[in-house]
Amino acid sequence: MGISELQEALRRFAAERDWEQFHTPKNLATSLSIEAAEVLEHFQWLTDEQSRNLRPEVREQVGHEIADVFLYLLQLADQLQIDPLKAAEEKLALNAAKYPVEKAKGSSKKYTEL
Amino acid sequence: MGISELQEALRRFAAERDWEQFHTPKNLATSLSIEAAEVLEHFQWLTDEQSRNLRPEVREQVGHEIADVFLYLLQLADQLQIDPLKAAEEKLALNAAKYPVEKAKGSSKKYTEL
Amino acid sequence: MGISELQEALRRFAAERDWEQFHTPKNLATSLSIEAAEVLEHFQWLTDEQSRNLRPEVREQVGHEIADVFLYLLQLADQLQIDPLKAAEEKLALNAAKYPVEKAKGSSKKYTEL
Amino acid sequence: MGISELQEALRRFAAERDWEQFHTPKNLATSLSIEAAEVLEHFQWLTDEQSRNLRPEVREQVGHEIADVFLYLLQLADQLQIDPLKAAEEKLALNAAKYPVEKAKGSSKKYTEL
């Protein structure tokens, strides 16, 4: 499935369960944040090095949590009629302007401090 | 751009700025969570009804934050070699099994309590 | 126990388990965020009205999660040698200046938009 | 001020601004999570070592964010009539039972995996 097919499947999934009443943009944004924290939980006590070499069963669990974030992201974008791919491409262009290579190279500073 | 093209562009973006050193899976998961909270911030004091009718300038800002979440999601998935579309499709199937229509209809309970 | 006694007990708790190695400020800030999301999870699908009338067993679980947030907050503040009560009192004064009654009354706008 | 005085001051602060309407437990839990992410943002790209040695101006900003988390925590606890100190002390005792020294020593595993 592509993004549109996933969004269509999610719409059907919610409609069949009569869940549209719960899926306000506010609640979906809340769920997005909760699921993102569940991704992060798997990395909580790992070193950076360990996070690059997840055990297979942890990697699989992280995959499920990433999927949950993605599914809520698609539902929120769908409700707000935002095209996630187009929004991402535009944001990447904005980021390139905020972080020009010659200034940002090797630095983790925020663009406001470069 | 599709998902693979975005991931390729993000890889180039990080490489040009020598940012791979910062982009450990742990740090990307941290960023994912921070950006998801920035999405949520726009809904913090809205009623559900207001969240369905965002002012155009708020909707645009939310679009940028959704894009940030998406860009970090794509980078994290890329580093862990997880296909986000495939992971989402599989998770949706798991959710369908966890929340059968006849049990979940009209309920916001967690599957463990259905 | 008061705040200082709790911080002392937490220091002993970590030392006995040889956990100081994991308790970097970065990791404690990560844990704070994860635990705050666990508080939020209990409210995810509730209406505002329902959130004012939690079932007793949910209220108890929320109490445990609030405690987790508090315990990480105390550990993080301890490591950074920040006095949480003093910091809170100062922030409250700053907020009073940012949100003067006559401007902020009945409004949920951010101070930058008042 | 102690915790009760802070809670009393926060109650007055909200009442004077007619903000009780916004301060549902659900919204306060949302704010708690957003503010915790703002604490975390300061540590986003730091190494563990750097996080132990914050620059003075960063440490000050982190202090303000920690204060925001604490203020929302106190308001949420107040609304739910949960005593944060008592809840923290009880949770610490629960954690001691979950993580006995002889099993947990030097390990960052979750208690379910010890």
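Order as written gives the chain letters A, B, C and D; numbering starts at 1 within each chain.
Keep in mind that, in the parts below, contacts are C-beta pairs under 8 Å (C-beta built on N, C-alpha and C of every residue); 3 or more make two chains touch, one makes a residue touch a chain.
For clarity, every value in this text was computed on a predicted model and none was experimentally measured.
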Chain pair among A-C, A-D or A-B whose interface repeats that of B-D, sharing over half of the contact pairs by residue number: A-C
Which of B-C and C-D has more C-beta pairs touching across its chains: C-D
Rounded Å distance, chain B centre to chain C centre (Cα mean): 25
Mean-CA-position distance for chain D and chain C (Å): 2
Contacts with two or more other chains, residues of chain D listed in rising order: 22, 27, 30, 33, 36-37, 40, 43, 45, 47-48, 108
Interfacial residue positions of chain B with respect to chain C in the complex: 30, 33, 37, 45, 47-48, 108
Sites on chain C touched by chain D in the complex: 1-3, 6, 9-10, 13, 16-19, 21-22, 24-27, 29-30, 32-33, 35-37, 39-40, 42-43, 46-48, 51-52, 54, 59, 62-64, 66-71, 73-74, 76-77, 79-80, 82, 84-85, 87-92, 94-96, 99, 101, 104-108
Touching residues (chain side chain C, partner chain A) in the complex: 22, 27, 30-31, 33-34, 36-38, 40-41, 43-45
